[in-house]
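Next come the structures, one after another.
Two complexes are shown next, each including chain A; its partner changes from chain B in the first to chain C in the second.
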Partner chain A sequence: MREGFALPRTIGAVDMGGRLLNRIILYLELVRMEFVNNLAYRSTYFTGIFNYSIQIGAYYFLWDAIYAGGKVIGGLNREEMITYVIVAWVARSFYFSNLDRRIALEIVEGKIALELIRPYSYQMVKYARAFGEAIFRMLFFAFPAGLMFSVVRPFGLPPDVLSAVLFIIAILGSFAIYAQISMLVGFVVFFTKSTTGIYKAKRIVMDLFSGLLIPITFYPQWAIDIIKLFPFQAVSYLPNMIYLGKATKAGALNIIALQAFWIIVLWIACSLVWRFAVKHVVIQGG
Partner chain B sequence: MKASSSFRKKAVRYFMIFSHYLAQYMKTQMAYRADFMANVFSELFQQSINLIFIAVVFAKVPQIQGWSRDEIIFIYGFFLVPFGIYGGFLNHLFDVPEKYVLQGEFDRILIRPMNTWFQVVIETMKPELLMGSLTGFALMYYAGTSLGISPEWWDIPIAVGLVVGAALIYAGVYTFLASLGFWTEGNIGLMPMVYNLSHYGRYPMTIYRGLTRFLLTWVLPFAFVGFYPATLIMHRYEYLNYALLTPFIGIITFVIGYRVWTIGVKRYRGTGS
Partner chain C sequence: MALIEAKGLTKEFRLFRRREGVLGAFRDLFVRDYKTLKAVNGIDFTVEKGEMVGYIGANGAGKSTTIKMLTGILVPTSGTVFVNGFVPYKEREAYTMGIGVVFGQRSQLWWDIAVIESFKLLRRIYNVPKEDFELRLKKFNYLLDLDNFLHLPVRKLSLGQRMRCDLVAALLHNPQILFLDEPTIGLDVLAKARIRDFLKEINKENKTTIILTTHDLGDIEALCSRVAIIDKGIMLYDGQVEDLYRRWGHDKLEDIIKRIYQGDIPELKENAGGVRLA
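On to the complex of A and B.
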């Protein structure tokens, strides 16, 4: 509310507060909507769990064979490694989002033009929807899958309650960072006008450098030094270290602070790219 | 076939139609040259995930259950050859339940005087993915050289037989899964599962235990698209009997898959529009 200098400041402030509240209610509603939407298609997730089991199974067998000597490799012993694999994949079923595909599709089809004239923040709407889906997947995918695995192949739990709480906070951070990276990847389409190869490139980078497939400590030192400069390891590897109790309490807080740092950096990057793209890029089919 | 000459005519006709489709496909792809190249390269990069995984792990351990780094790379290299054929010609059997059955595209296939399976395959092929097979050859060459394998004359005919057998396994399994679409009329999500399971074939069967190994050998025989035949070509003969079974398993799998396809096609009733 900018108009009317005569308007007392306090009313303006209250109004701003009210607006913010409205905004929050709007985004929470979107979270809820997406959750309910997914609920309608929950049967597709049933086969998804089996699909995931097969993928986890592949890495479980592989790591089990690699550790056949029973040594400690890359700072992890056999049991820890198996817990690492299962937790990494189960956590991924929560933080994963396909924002890049959705955004890229809207850009390619020119639907983004419609989004631009709507009175909300495009990015926030996307995050809210993705979060709704993530909560759905946590309840109907991650938990049942985790439970199923713990029956088939029992794996370790966090050493104490505090680690568990810190891990959950860190996984929320994983969601934010993964969503923001996906957002940036989706925005690339503004410039390339084609989606070919982009998703695969993202997948390769995320699989290898987030620590999903290989704990970062397995890499040679020079690679570790490079990987540390990027936000990827904060998505999977670092939260897993909290889960395994490999990070001290201070270390865990440090990880969460690092995630916060990356969330801010990526937030700025997303806003800059978004502003530039919207101003300079031709909308296709608009 | 009444006479062999009519068979030859038919084969020539199918080959001609295949080449027309191929030419047409190349024309459409060349309209988006950059995309085409990006597609090919991203496919090659995809394979680098597994190679990096192998390189990183073997920097820490000397061997996995008696298999050295180069042996694992050799197996992966062999695995990629039939996998390239699968990617180029069979991957889009994925489309059958949704696109052909549910949306009724199969009507168009049925009114043409040609084998239905062949039509679907050449309509949906992406032959550029055969490039993946080249990576496979390169990896086998690299690993084979550093393992000091000296090629024998019989390696080539045997390799051809094994690759064809492995490709037939893919063809059989995916034709079977695609055919289920004639009953389910839509996707039931089995294909991605089986796709992920097929990747089990790129590692030695010795790492899998009990039920899993049995399943991969005798039920969904993906042990025969990578590991078993690869051991024969790298001249390790512990699994000779299994390796030699590859072409037969391929034929059996394909016959079953194709049989289910023909039954499914008879069930097809169109969308009614």
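On to the complex of A and C.
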């Protein structure tokens, strides 16, 4: 039935390895493209840096006041808390992605139709592009911002090189988990057909339960027990603990394993929702 | 087996009917009133390799919905469809390797990057060998005169230029089937002529099967020997354009089509495509 099928020569030869390599090159190409694209829109990032500075500044003064007596709260002393705030926000500038908004928009505007006629994995393409943007933000945003803060208000560094390396690995995990959660949130639009409230709900849940605003240990015990059942804390709180040296080496590896676990669970969830949604999809307009 | 084979192809949409007034809005919160709309209703459709078929119908007749089912974007409510040996929506990644699609209403190129960069990315997406890619691009460039805007971002192109680029983008991997959804919409006469010539050339040279929807009967006259006419989801006519003329004498095609839309369905039995009466 398929003998007349005009496949390009490269895959005709059932060269699975070559095909896989080709895919990897494609996704890397997309990472590069998004990076270059972002270079053209630098100005949005200057306003971004300004926003983040205000956020970090506000939290700095808040925590500074709370810690006035020099006590230890939730296992963190004053210096650690200030480092926590700065690292959490600088890291966020890397792992953050607005995939939910992009995907929701594509669904609402019907542009998703153009993605369904392509021989690639829609999700991989989205992750690749989000990663290109994340690398851009790391180089032009997270690093300069971190450097700037360390001049204005010196904060602690990881206790040793190994912690630093493990922290970087964990932050890559944060990116993956955050992107996958965003993907799921974006897919919700398949069913609701409208975007009202979704982004905001995601943002509030993520900021509160990831530990970006308050370390998880600050919550009452029953809340901690519940939060631990979700992937959110693996995005900000747990990587920060590695940075602060609060996790033992084994603990750090456990955190990364936990992230890997959530990445797999979310991957399965995304695939199932995608498969279901596409089958029931109604392309709007056109 | 024919290249495209659809049997009893049907797509239903559920429409949510809002009730009037404040009370109605409250009732809508609890009990929703749905109405089923048959956008495409039991269509049979067969296309052989190398054919060029025009697919026409009034606005909302079900043209785009059919194209979306053939390209695997929409899943049919019932009926079967095989294209190129695939069930389009099932084996999406393998199936889409062999087709090209152009939606006249929206560009598939990346808005902010230079056209040539989009093409290079498509080369990766479809695993096109470099030498094939360059050869085809050279030929398309010769036929469509792309040189002047190959290095501009898509957002800076005129509609005619954009459409030419979209056509190239759909053909870089030399697909067996090309689906065109209103490829000449909004174009001036010269741009239209250019695109028609190009499509003829592609069809002749590569034996590319082309299915196009259009509101411009000039496209049909210039390109298609076969035409399928759909209205309210039902196939009114599927056969040779020549037979239409024979039936009605040499009227203008526009007048003939108008009559068919108005319910005057031709009763032809002996033509190749096979007339199907609703």
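In this text, the second predicted complex is superposed on the first by the 271 of 286 C-alpha atoms of A that agree within 3 Å, B and C clash if a C-alpha of one lies under 4 Å from a C-alpha of the other, contacts with A are read in each partner's own complex, and residues count from 1 in each chain.
Note that a residue touches a chain if its C-beta (ideal position, glycine included) is under 8 Å from a C-beta of that chain, and two chains touch if they have at least 3 such contacts.
Here the structure is a predicted model, which means the values were calculated and not measured.
Asks: Contacts for A:G57 in the overlay, against chain B (first) and chain C (second): which applies, first, second, both or neither?
Replies: First partner only.
Asks: First (chain B), second (chain C), both or neither: which does A:I117 touch?
Replies: Second partner only.
Asks: Examine A:L229 and indicate which partner it touches, taking first as chain B and second as chain C; both and neither are also allowed.
Replies: So A:L229 meets neither chain B nor chain C here.
Asks: Taking the two structures together, which residues of chain A meet both chain B and chain C?
Replies: In chain A, nothing is touched by chain B and also by chain C.
Asks: Touching chain C in the complex: which residues of chain A?
Replies: Residue list for chain A touching chain C: 1-2, 4-11, 19, 22, 25-26, 29-30, 33, 36-37, 40, 110-111, 113-114, 116-121, 278-283, 286.
Asks: Taking the touch rule as given, give the residues of chain B at its contact with chain A in the complex, in rising order.
Replies: Touching chain A: residues 32, 34-35, 38-39, 41-43, 45-46, 48-49, 52-53, 56-57, 59-61, 64-65, 188-190, 192-193, 196-197, 199-200, 203, 206-209, 212 of chain B.
Asks: Give every residue of chain C touching chain A within the complex, in rising order.
Replies: 1, 3, 13, 49, 64, 68, 71-75, 84-86, 89, 92-99, 101, 103, 105-106, 108, 110, 112-113, 117, 121, 124-129, 132, 173-176, 181
Asks: Report the residues of chain A in contact with chain B in the complex, numbered from low to high.
Replies: Where chain A meets chain B, its residues are 44, 47-48, 50-51, 54-55, 57-58, 61-62, 64-66, 68-69, 73-74, 194, 196-197, 200-201, 204, 207-208, 213-214, 218-220.
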